[in-house]
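The same subunit A turns up in both complexes below, where it pairs with subunit B and then with subunit C.
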Partner chain A sequence: MNILKAKSITLPNGKTVPVKRSKTPLIIVVLLICCYYSVQITGFNLQVLTKRIGQFWVILVDMVPPNWDYISKLWKPLFDTIKMSLLGSILGAVFALPLAYFASSNMSKNKTVVVATKFILSLLRTLPTLVAALIATFIFGIGTTAGTIAIFIFTIAYIGKLLYEQIENADLKAFEAMQSMGHSTVSAFRYAIIPQILPNYLSNAIFCFEGNVRYAAILGYVGAGGIGLMLNESLGWRNYANVGMILLLLAATVFIIETISEYIRKKLL
Partner chain B sequence: MIKFQNVEKKYDNGFIALNNINLTIEQGEFVAVIGLSGAGKSTLLRCVNRMHDISSGSLFVNNVDVSKLKGKQIRKLRRGIGMIFQSFNLVNRISSFKNVLVSFVPDMPLWRKILGVYTKQQKIGALEALDRVNILDKAFIRVDQLSGGQQQRVALARTLAQNPSIILADEPVASLDPITAKQVMTDFQRINKELNMTIVINIHHVDLALEYATRVVGIRSGEIVYDGPATEVTNEILDHIYNGKLEEELKGN
Partner chain C sequence: MDIIEKHLLKEPKRTVQNVITAVIVIVFLVWSLTAIDLSNFTSNGLAIAQNILHGIVTPNTELLFTFNKTGVPYLLLETMAIAFLGTIIGTILAIPLAFLSASNIVPKPVAFIIRLFLIFVRTIPAIVYGLMFIRVTGPGPFAGVMTMALVSIGMLSKLFVDIIEDLEVNILESLESIGCTPFEKIRYGIIPQLFAMFISVAIYRFDMNLRDAAILGLVGAGGIGAPLIFAMNAYKWSEVGSILIGLMVLILFVEFLSNKIRNTIVRG
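Our next item is the complex of A and B:
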């Protein structure tokens, strides 16, 4: 493999400097091979795509104009969705803080606690929100409680992971100073580390909430309440004008929340 | 009073940082510890407030055997000892005022600790501490907006608010320019005289050490090789402390 061999540049004064070869060509080749096999394995068929793509336009055209009368039935499920994501996000973000503390190797002295907490967090992260919602409906019954729990779990895992990485990368100088003046570890964490991580923490929590609104919209599919329930129903009836209305409303909501969240996050950082 | 008796400090990797240290520092002394980097100056300082544990011997601070303390007792010991660092070790994102207030936290009830609510008395105390080091006008400015010298003064105010009997300073002027370094050293001197606080300072600037401290302790490879008044330190003694390296540098200059 010649491309992996190091080459060297010789300066006019006779000094030679070894130059590392770029690995990019090799990586591109590997990616192309992976693409080829994934097409083979998944049975992706370009012919089906070109033949059936027209159907997509049919559905899209059916959605226009949306059924404006339907909107009166949508407000409650829409607010359910927002409530679900808001409550789940807030609770998740709050509970993520102590978990992140225990998962940070520079805060927790006990190694077992660190490993165990990190393991729990990654375990929660691997659990898709939809599956969590489904399980929650078995436990708490159909409705928004299940959705809130699912979003809560996702938020804990997501914020917790980001948070402990931040804590582990935090500057420990002030922390050391506080320990030297008689603060306990938790107290030094509260006064030296939290001021450092707070802007990012809040920003992440808001960003997570923003994403959670979108997640919450589909949780209705598994019976976890909210606007997804209506979406599922309308799609089932092939009532694309209603679907159009739901999607439009959802897009507007997400847009508004995104704009607000972006504004707040810009102020925070 | 700080009293080292045959103190040895051995790191986990087997390196002996302090060897057979015998040293008594009376209340109200201003001691400069000098020596090469890695000679054990920082370790010596950090044993006093139990940021490091000693391996053998005994170390008394105000007649308390430091090596026997545990958990809460260590924190109580540290309440009475202030520490100043080379890089100031302040919380950058908050104001000088809030940085100083932090020194009251360990004595507050839990709910105040959690919420960070300070009493009026504490607020006055923090402002007084800032005033003592002449940066009252910077009280509500974020620390990262201040110059190095000002930041070190905030750190000093934070320590003063703690009202310790001893201040340990680990290279407090190493990241400051010569003029600011002198100002900070003057602050230390004033505090030492006015408040009778013991000051133990690790310092690379020999000239500053001799000018401001009353007593000099020279450390070489973990052992005390000089201990005496600052006025009696001669070039031969410095040469002895620095393994002759200072002389080489002087010749070079």
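Our next item is the complex of A and C:
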């Protein structure tokens, strides 16, 4: 019997059913080869890891107990971070709507516009937020403005993509009915499509804000303002008790915002 | 008054709620506007913006197509290797953690403790992990791999838990009723359900790790981030342009590929 021939099972009624050949062995081999080369390139070494893993805990141990006195200096940067992500998220979400309108193939009839807008959105999405923040600090100077711009760009790209996917999947019956009654495309979009996508759109925007607070916290590392600035400073001075305080405060903030946002999103959907 | 108008009037009036929501949003918006400070924005900024755009349009092609250790292709390869190995290690670590925090597998208290631990792991920013691992491994891509692995655990195990908790139990019952051993139940009842979804999530995370790997360069943990930042601080915009172009092409390509693979995996 030929090895390459697929196995088959003969049923009692005489039919033969071929057994699908599993691709798992091939995938595993490919993964192992990739692993091998990645280990070579990155210099991964398990021995070093097991021998020196104790060093990993040094910083972590230094963080406890956190420096509670430091908290009085943290409120302003913390609120700066929240402001940055709030403004960036709101503006980004608002500007994403027209972009998503032009990017959805069932709304704008011009193919070039659709392709161009989609391309711009995915190009913006590839730009890592931290790199965007870095570029923004060069243009807008060091401070929260740069961070806001970086978050704004990320939010437009993220919400825009989710939004145009929703618009493309939306039910068009009401939209077509309104058009046939003489509404223009834009006004039909306003009254037929927006009510359909609104709950999801708001929910995504809030979710994005939640993630942005997390992101905004590190943006300070490149000078884009907020609590990341303090984090960078404390790390630079190796003052790990302060770092512990910052992380604790950050964790509490993120937890509170996550709880609120989850509550609102549950109400929305 | 016809039927349509009656229905229209029956619709509950939400004016009060809408006004309250609008006021809250506007108050927040105004409050956050105080974060904007354009005093640092000078004509200098415009010139720099122009330079950056010029650099991206006219990249340093020599850097873009040099195949040695400082060329963009090698840096991209290194970034990919970091993201790949980080994802693999992260997935291997996340699977047991996910099973331990799934409330339909282990007792509730255990699941709760592991979940708290995972929230804790997720809160620490990648940069701090990077610094911690540099103490262990020294600066370089090795530290980047470990950082990526640790950063991935949080999201991976969260998504894995969702998949595990959605397990179809009926299949296990029917397997049991035809006399399968526990091992057979796991092999034919559980693994086929979980495996495809797990791989799909892992590929998605690889996609994200590739973007995040650019951050690691900040603390000296390898990848394309460090050369990018050096080039920026030295105002070598054409180098910045070539690195950014390389990064964008790679990310777009990997995203396209990962979407394709995930679609085929999930649809079977």
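Basically, the second predicted complex is superposed on the first by the 242 of 269 C-alpha atoms of A that agree within 3 Å, B and C clash if a C-alpha of one lies under 4 Å from a C-alpha of the other, contacts with A are read in each partner's own complex, and residues count from 1 in each chain.
The definition used in the following text is that a contact is a pair of C-beta atoms (placed from the backbone, for glycine too) under 8 Å apart; a residue touches a chain by one contact, two chains touch by 3 or more.
None of these values were measured; they are calculated from a predicted model.
For the composite obtained by superposing both complexes on subunit A, the positions of subunit B and subunit C are in clash. Between subunit B and subunit C, the partner in contact with more residues of subunit A is C. In the superposition on chain A, contact of A:135 is made with subunit C only, not with subunit B. Legend: residue contacts after superposition of the two complexes on their common chain; A:25 is shown touching neither subunit B nor subunit C. Once the two complexes are laid over each other on the shared chain, residue contacts for A:98 go to neither subunit B nor subunit C.
Once the two complexes are laid over each other on the shared chain, residue contacts for A:222 go to subunit C alone; subunit B is not touched.
Subunit A has no residue lying at the interface with subunit B in one structure and with subunit C in the other. If you check the complex, the residues on subunit A that touch subunit C are 31, 34-35, 37-39, 41-45, 48-49, 52-53, 55-56, 58-60, 80, 82-84, 86-87, 90, 122-123, 126-128, 130-131, 134-135, 138-145, 148, 217-218, 221-222, 225, 231, 235, 243, 247, 250-251, 254-255.
By the touch criterion stated above, subunit C contacts subunit A in their complex at residues 25, 28-29, 31-42, 45-46, 48-49, 52, 77-78, 81-82, 84-85, 88, 119-120, 123-128, 131-133, 135-137, 140-142, 144-146, 211-212, 214-215, 218, 222, 225, 228-229, 232, 244, 247-248, 251-252, 255. Residue ranges on subunit B touching subunit A, taken from their complex, read 49, 51, 75-79, 81-83, 85, 87-94, 102-103, 105-106, 113-114, 116, 155, 158-159, 162. The touching residues of subunit A, counted against subunit B in their complex, run 171, 173-174, 176-184, 187, 190-192, 195-196, 199.
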